[in-house]
Amino acid sequence: MRIGVFICHCGSNIGGTVDCAKVAEKAALFPDVVYATDPMYTCAEPGQATIESAIAEYRLDGIVVASCSPRMHEPTFRRTVERAGLNRYMLEMANIREHVSWIGKDVESNTNKAAELVAIAVAKLRGNTPLHSKSFEVNKRVLVIGGGVAGIQAALDCADGDIPVVLVEREATIGGKMAKLDKTFPTVDCSACIVGPKMVDVAQHPLIALYALSEVEEISGYVGNFTVKIRKRAPYVDWDKCTGCGACSVKCPSKKTPDAFNEFTGVTTAIKVAFPQAIPKKAVITAAHCRQMSRGKCGVCAKVCPTGAVNYDMEDVIVTEEVGSIVAATGYDLMDWTVYKEYGAGRYPDVITSLQYERLLSGSGPTCGHIRRPSDGREPRIIVFIQCVGSRDRSIGRPQCSGFCCMYTAKQAVLTKDHLPESQSYVFYMDIRAPGKMYDEFTRRAVEEYGVEYVRGRVSCVYPDGKGAYSVMGVDTLLGRPVEITADLIVLAVGIEGSRGAGELAEKLRISYDNCGFFMESHVKLKPVETNTIGVFLAGVCQGARDIPASVAQGSATAAKVLGLFARDRLENDPQIACVDMRRCVACGKCVRCCPFGAIEEVSVRDEQKAHVIETVCQGCGLCAATCPQGAVQLAHSTDNQILAEVNTLCRY
Amino acid sequence: MPVLEGKELRIVGFLCNWCSYGGADAAGVGRAVQPTDLRIIRVPCSGRVDPIFIVKALLNGADGVLVSGCHPRDCHYSAGNFYARRRLEVLKQFLPVLGIDEARFEYTWVGASEAQLWQHVVTTFTNRVHALGKAPRFDAVEPLLKIADMALTALRPLGTGKNAALPKLKEAIKAKLPELECVIGWQQGYDEARTVPLFARTPQDVDKFVWGPFNVNNPAVYLPTFRGKKVGIVVKGCDARSVVELLQENLISREDVILFAMPCEGTLDMARIGEKLGRYTTVDAVVCDEASITITADGKEHRFCMADFAQGKCYGCATPLAALSDVSFGAPVDVKPVSATPPELALLDSLSLPERMSFWRGQMGKCLRCYACRNACPMCVCRDYCVSDSRDPHWMSQLADEREKLFFQTVHAFHLAGRCTGCGECQRACPVGIPILALRQQIGRVIEQLFESYKAGTDPAAAPPLLTYMPQEKNIHERGWK
Amino acid sequence: MNDAIVITQRDTVFMKDVDAQSSQKVSACYQCGNCTAGCPASFVYDMQANQIMRGVQLGLKEAVLNCRSLWMCLSCSTCSLRCPNSIDVAAVMETLRHMARRQNRITVPNVEKFWHSFLDTVRVCGRTYEIGVMALYILRSLRVFTDLDLAPEVLKKNKLPFMPHVVQNGGAAAIGRIMRRYKERAEREGVRP
Amino acid sequence: MKTTVAYYPGCSAHGFSVDYEKSTQAVCGALGIRLNDIPDWNCCGSTPAHAVDTELSAALCVRNLDNAVKADANELLTPCPSCLSNLRHAAKRMEDPRFRARVDELLDNPAPAVFPEVISVMQGIARRFDANALAERVKKPLKPLRLATYYGCLMSRPAEIMDFGDPENPTLMESMLTACGAEVVDFPLKTVCCGASFGIPERAVTARLSGRILALAADMRADALVVACPLCQMNLDLRQKQAEHAADAIFAMPVLYFTQAMGLALGVPPGRLGIEKLRVNANGLIDKIEAAASGSTAPVEGSRP
Amino acid sequence: MNAIRFLPSDGLPALLSCLVKTGRRILAPVEKPAVKSSVVFEPWSEGKPLTLQKATVPAKEAVLPQCETLLSYRQTKNADTAALNLDDTPNAQPTVVFGARPCDACGYAVLDRPFLQGPFVDPYYRARREQLVVFTTTCGSGCATCFCHWLGGGPSSPEGSDVLMTEIEGGLVLQSVTDKGAELLNSMPPAAKLADGAPVFRQAEEARKKAWASLLPAPDIKSARQAIAGIFSDANFWQEQTDRCLSCGACTYFCPTCYCFNITDEGDGYEGGQGGRRLRSWDNCMSSQFTREASGHNPRTDKALRMRNRVSHKYSFYPENWGAASCSGCGRCVCNCPVYLDIRAIVLAAIKHAGDK
């Protein structure tokens, strides 16, 4: 090999604390190095030209650039060597800026360290070989998981772009959390009225296949070619026949069924359509509360159904869909608020969550929009809102801000005054986070026009005062005094977490998720909708707290990503992937067992079982290479011999 | 390359490209001043870091090795670091048996944005390594030879298997023989005091079968070579564990093996027997009673009590009869398993870290690299493609160097991690008596402690612990960097 | 008193000392006030718990170590229990009190006098002895009328024995030795015993 | 392992909480739990010792633990939450070798390596008798009584040291009293501080804090408060007048030790429980129990003295 | 020239230190304590204990080390020139192997033929062999795994030795059997504690006779060469004989007559890098890699074929070329084999099998 080494000064960024000329001088003595120099700015045009001309002049077939992090300029220099006629992978970089010049001032140590980093880059480069990508076809269909507002937007935008969409929703209706809200901030317009038409669009779009009451069971494959198994849970009603007329629900004798749609603030019937605007507008039986199904006696709904749609014997169905891309838009759930024992959360009936309060405010809710205390049905007079319950609380492992609580609390306080003009609301807050358009103005209106009392401080505890009300022990840190309020109703702004089962879904999608069940984006700033699994995108709160407009925007953003991905008919893989040396392979199956991507299969070669890497699925993590005992699986450009060469360069008596 | 004399120590870092390398970049961007010792090797994922790279570095002059990856659950490849966490924790707890201070190796998780954490990790680790000082050179320590204490008490009475149902076994084997390629068992070796494996293909062969404490070989080692053919095998309890482990790893298939199980009453430590017999020309007679065996050689009688001359593994054996079998003679003996440290490991436990290094240097000095240890191991799957003498990958030098020899043993031990059933054939096969079983035992002990008392070869359906993971590991308590 | 605080001149070492001695991270406090909200003694505090935490963050050593609240803390740990940042506020309070004592800043002498009365009884008898504590405390604080209203009740109920219980088997002497060693060490180290 | 129990009464057992001590002895006697005093025990140092110096506090505690070890005990029971807290804190802090060394300097001889587990008498009883076992032994159910439980602040806090269940809402005493037949109200202030040792130097603090607790108990129509701490009992009972004075209200709320309440249920004569030592007369409660036990209906209202 | 000396039992260290003073490296058997103890040859130095037991590992390394550097090289570069420094000096020093057994010594004779007497002389081997003096301890008895007398050797066979040492009461009788041996014995100073051995030589002869008498009768294996060659293609025979073989290298690595080697180049060859070296290390014909070709093709994939090669080499090919077996009958391949695979049994079976045919 004929190697050229370029030690970048990066102006004084590197040159200031590293003797670059000396590093180049040392590098010239390294194995296979035939040329070494130290340009001022290697990434700049003249610097790149130096590389190109050196490749020609010295017939170089491998290049080491010692400069900034490869995470910064590896693509740049790959293009450079490619322009000069080399394979783009015949490049190695030594990071002598972020890892050397910027973290220490001692020139002697830095120079020596830089030279050693160059030495290991040279050692590694000597094991490089030209690599070439493979191309493969793309199945231009998309799966959207979750039919909340973000998923709806993503589905509609994709479908409008002529991409067939499979939309999977766990609940019986799409609409997500937004469908449960009474009003939206800061305009205080009706939530159901604005999401409703979009839900109808989904139902009517010819390119959208909607699976409600369904969950993703299994995902295999890779970008362009995913195979998804979807479990359609049995609604015990034949949806092809059901017209959503509601006759069943009227006659259902099991009227004490807990009402999940109303956040358990009320009861409902065992068979019902989730809510009047539900999409699909189809009835579902809650098996556990259905008398026919739990006790074998009743059958009223089957009798009254005009189309004979009720079928108690229905079973789950698994359907398989082939798609080329996946959008996860699974939203959120409230964290387990009962950990707040000091507020009697879950213990005292009049201490409720903000989402429950939303249902109490809603005209379609259990109280038909009249605010009544759950304990005794009385109209509350003093209402206390407590912010940050399960947010910004490290003691229970929830350090993050849930983002939208400040705003909906202001909205709820305003609505409370609208509903109950005699009432007085108090909001205990730590900071008011209102960075959206017209948001801060809205909170000011709550205070100035609606007389909502904002008290700056947390609440230590809530307890029943023995007289039917509750003592709220708080603090006003602005005054530096504890405060105490006797309240009728306490609304907790409960923090959010990734929706139930998000972790399992993440593992099926092979994407990462954080401690709160939120999916991890590929780059927090620059790739906010991409994930580490190519072809899987994120929309809405499943990625982290955000409000409705942001969720909608992100839904559209994922659609743009999907459309961009599908603009090409074929995709190319990264060739830095694993490869099996068939001769060494003894088919012990260890690599197959632990590959996180299912990228290794066993194939029969001349009657012998051998491992084989599916090139388009392999992501190049190298776990197989670390697992194979005889070293039959090697990861291109991170082979055992290359890493050993690096180790041996450094560690030698 | 030599380190900067007096200034730096040799510290090697393996950083995953996505998180920790990014974190180190972020620390640089933030001008977070750090000690200069660390040399970073960029790898795609912490899962790529085979623990033996680390051993290689530590045996060849590294004073410290640091591996850093994405936080668990935040792996760019979704699960690489989960595997890494298991493997690296096993390595960390394994290192002391070699005489290497485990503080010289650390693994951690640093995210791409955690510049401060990275600075803290590097500073803390570098300071820690400096506090430990330069790592001792393996080939510079004085050899030390120590002998394991073999005065042990068995969990159950050991015997000679005198009353075993050998005729019945032979009958049963003869009945099955027509459908089998062969049946593997034991026959007499070059004299009456040795047995060797027998591959019975005919009823006449079956008559050569013997049963008793001389049946030391583990016949399971031959099974994978018959892959695809149906064979029978006579097993002691310990041999059956190897069979189960082979089944666990799909290296053989259940329908291809017929197991004939006999309750084992213990096997003899032929090394110690040989020592006592000394140089002799002829064995005149071997006579056994229930608890002892008398060998008459060149007219001289030697009596060996099973309780005193059994193999080390027999003393702690709680499964004398195979747990898995097709044809079984005898009832399982009710022995309560007791977790006792095996003698070889107990010896190492009793030594200080420097003594352990000296010990291995002394022991490996005898090694001729004949690889009898490897080839006698039933779990060695690589067979003809062992990394010991391959050039791609080129893990080992051919130099007759104790360091390379110990390195091979470490590689073998690591390839057996979570798979070794402790049959001890490696050590028994060693012609120069190197107690290499201790390395496997240490790994076995670590695995047992980390993974819910996992014992290899006890459950055909269990996943070997290093080939699986849990998102939340119960017993791996990662060290904070406070 | 209400002069602006020149925060650039604050005592930056102070927070580090407090952190180190209490094993807490005071900088984690974001002033939600929950410690104050739950504090049963807040009404007698001159500086609320959250303000003390803020004072430590700002390095207002004088204000913090001289405040009355340190001496009025009941050590009930409610603040620690409720802190969303898992700061053991009670431990910080105790640390500050120890610091204040070591520097002879005894803002509420009665409380300290009570402690000393208590410990003196223990030193002599090995155990406490209420009348003794009371008597010593009255002597020290010159508060003759403290709890005098209770005396008839207590005596009537025969709840306060007049004779001290002295620990048998030389236990009292052993306690005396512990106390002496403690005192000697404190003097050696130059802190208020 | 065989459990050998040692008992640490705490100084107040021979002082103002002699009734707690009496009833503890009586209840344990009735249940067959032997309480052997730690030989030569000394004061744990209470609040003043740790308020002054944690090492001093630990030294005083460790001497007791050491004596318990010498008496071969591996479990140590104490009725007093303050003593419990100090002993447990000391044991925990001694895990730090530097702290241990400093404490050893103060002691006559170095502390033992392992200490017995220190638990409250309440836990000690609960470990041996679950609710069913306790209910079986009840002779006179506390059925007619509506009781409010009060633990104080030390028993359950800090949770990681005290290991007394949910620090916000401990329920051990409730389950025991329910087993004794009583109606137990869910008393929200059960772990709120009563004013602790400030009764002497700053009595206003105590009066106000105790007042709030007593007022809520009265509002919740409790017949009595049941406590487990000598200091709480003193503040709520002995100082109830001071609290009433500060609150300008009349509470007349009997404050029993839980051992006294249990003793009554187990049929121990009131005299052996020190009921007469309570400042707020509790005879009305005894009358109610007796009445219920003898089958006659006792007057429900206005039975309080 | 002949020298016979007597060395009293306590005189060993004195003799050895005199030998050291001649500038020679003394390789002497040392016992390595272990649960399974072993005896290996190690350089002797003052004060080091030694044993005269038969060693577990023969002293082959004196002429053919487990691994030797044939040559080392370093490429040096500066701005304009490049140079290669190469060093292929054989690594040899004058050596005395002290306490070998006749079978070990016979091994040297077996190795000498291909390395020194063929068309190509191996300079590395020669350098060491020429400077080697072998002091052999005659055996006091036979042994269950020993069969030197089947091959023309015996407990006091002198082939390959320079001095024979026989244990008698009170010490050792040293008898030179070559001029090299006699010269060295004669050059020993009085400090070596050597006395005239002629008066006690008789006792030595008696001891040797006694040893011979303890041997079991040897079968006639003269026909082995033809027999083995004759059944070369009888796959079943070799298969049955090798069923239990594990394909490890214990038999070859512990053999005093095996000389197959492998050559490996290691390092990067650069001055600034790791340098380069060409290594010669023992190879093992029982391993499948022994014959694996660069293409991946392997003519001997099966262990039966490899065993056939080993037995044939020792008893057929080598005798064909050199007129003697390349086996000294030391039995180490039998007793060190993890499955006690017995070459004697194979040879006898081959003779019988050929006869049956």
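The letters A, B, C, D and E name the chains in turn, as written, and every chain counts its residues from 1.
Heads up, the rule we're going with is that contacts are C-beta pairs under 8 Å (C-beta built on N, C-alpha and C of every residue); 3 or more make two chains touch, one makes a residue touch a chain.
Going by UniProt, the chains are A = Heterodisulfide reductase subunit A; B = NAD(P)H dehydrogenase subunit CD; C = Heterodisulfide reductase subunit C; D = Heterodisulfide reductase subunit B; E = NAD(P)H dehydrogenase subunit B.
Remember, it's a predicted structure, so these values are computed and weren't measured experimentally.
Novice: Which chains lie in contact with each of subunit B and subunit D?
Specialist: Chains touching both subunit B and subunit D: A.
Novice: Find the chain most remote from subunit C, comparing centres computed as mean CA coordinates.
Specialist: The chain farthest from subunit C, judged by C-alpha centres, is E.
Novice: Taking contacts as defined above, which has more of them, A-B or A-C?
Specialist: Here the pair linked by more C-beta pairs in contact is A-B.
Novice: Closest chain to the overall C-alpha centroid, by per-chain C-alpha centroid: which is it?
Specialist: Centre-most chain by C-alpha means: B.
Novice: Tell me which chain's centre, taken as the mean of its C-alpha atoms, is farthest from subunit D.
Specialist: That would be chain E.
Novice: Nearest whole angstrom, what separates the Cα centre of subunit B from the Cα centre of subunit C?
Specialist: Once rounded, the distance between the two centres reads 59 Å.
Novice: Take the average of all CA coordinates in subunit A, do the same for subunit C, and state the distance between these two points in whole angstrom.
Specialist: Their C-alpha centroids are separated by 50 Å.
Novice: So, what's the distance in Å between the C-alpha centres of subunit E and subunit A?
Specialist: About 69 Å, centre to centre.
Novice: If you average the CA atoms of subunit B and of subunit E, how many Å lie between those two points?
Specialist: Distance between chain centres, rounded to whole Å: 32 Å.
Novice: List, in ascending order, every residue of subunit E touching at least 2 other chains.
Specialist: Residue numbers touching two or more other chains: none in subunit E.
Novice: Quick check: what residues of subunit B touch more than one other chain, meaning two or more?
Specialist: Those would be 383.
Novice: Going through subunit D residue by residue, note those that touch at least 2 other chains and give them in order.
Specialist: If we look for residues of subunit D contacting two or more partner chains, we find 168.
Novice: Among the chains present, which pairs are found to touch?
Specialist: The complete list of chain pairs in contact reads A-B, A-C, A-D, A-E, B-E, C-D.
Novice: Taking the touch rule as given, give the residues of subunit D at its contact with subunit A in the complex, in rising order.
Specialist: My answer: residues 166, 168-169, 188-189, 216, 219-221.
Novice: Taking the complex as given, what residues does subunit B use to touch subunit E?
Specialist: Per the touch definition, subunit B meets subunit E at residues 145, 147-148, 150, 189-191, 194, 196-199, 217, 221-222, 269, 271-272, 274-275, 279-283, 362-363, 366, 368-372, 374-376, 383-384, 389, 391, 397-400, 425, 428-435.
Novice: Applying the document's contact rule, which stretches of subunit C touch subunit D when the two form their complex?
Specialist: Interface residues on subunit C, with respect to subunit D: 40-41, 43-44, 72, 74-78, 80-81, 88, 90, 94, 97-98, 101, 108, 110-111, 113-116, 118-119, 122, 126-130, 133-134, 137, 141, 146-147, 149-150, 153-154, 157-161, 165, 167-172, 174-175, 177-179, 181-182, 185-186, 193.
Novice: Residues of subunit A touching subunit E in their complex?
Specialist: Those residues of subunit A that touch subunit E are 26, 28-31, 119, 123, 126, 583, 648-649, 652.
Novice: Given the complex with subunit B, which residues does subunit A contribute to the contact?
Specialist: For subunit A paired with subunit B, touching residues are 69-72, 95, 97-100, 102-106, 108-110, 112-113, 116-117, 119-120, 503, 506-507, 510-515, 520, 524, 532-533, 576, 581, 583-584, 586, 588-590, 593-594, 596-597, 619-623, 625-627, 629-632, 634-635, 638-641, 643-644, 646-653.
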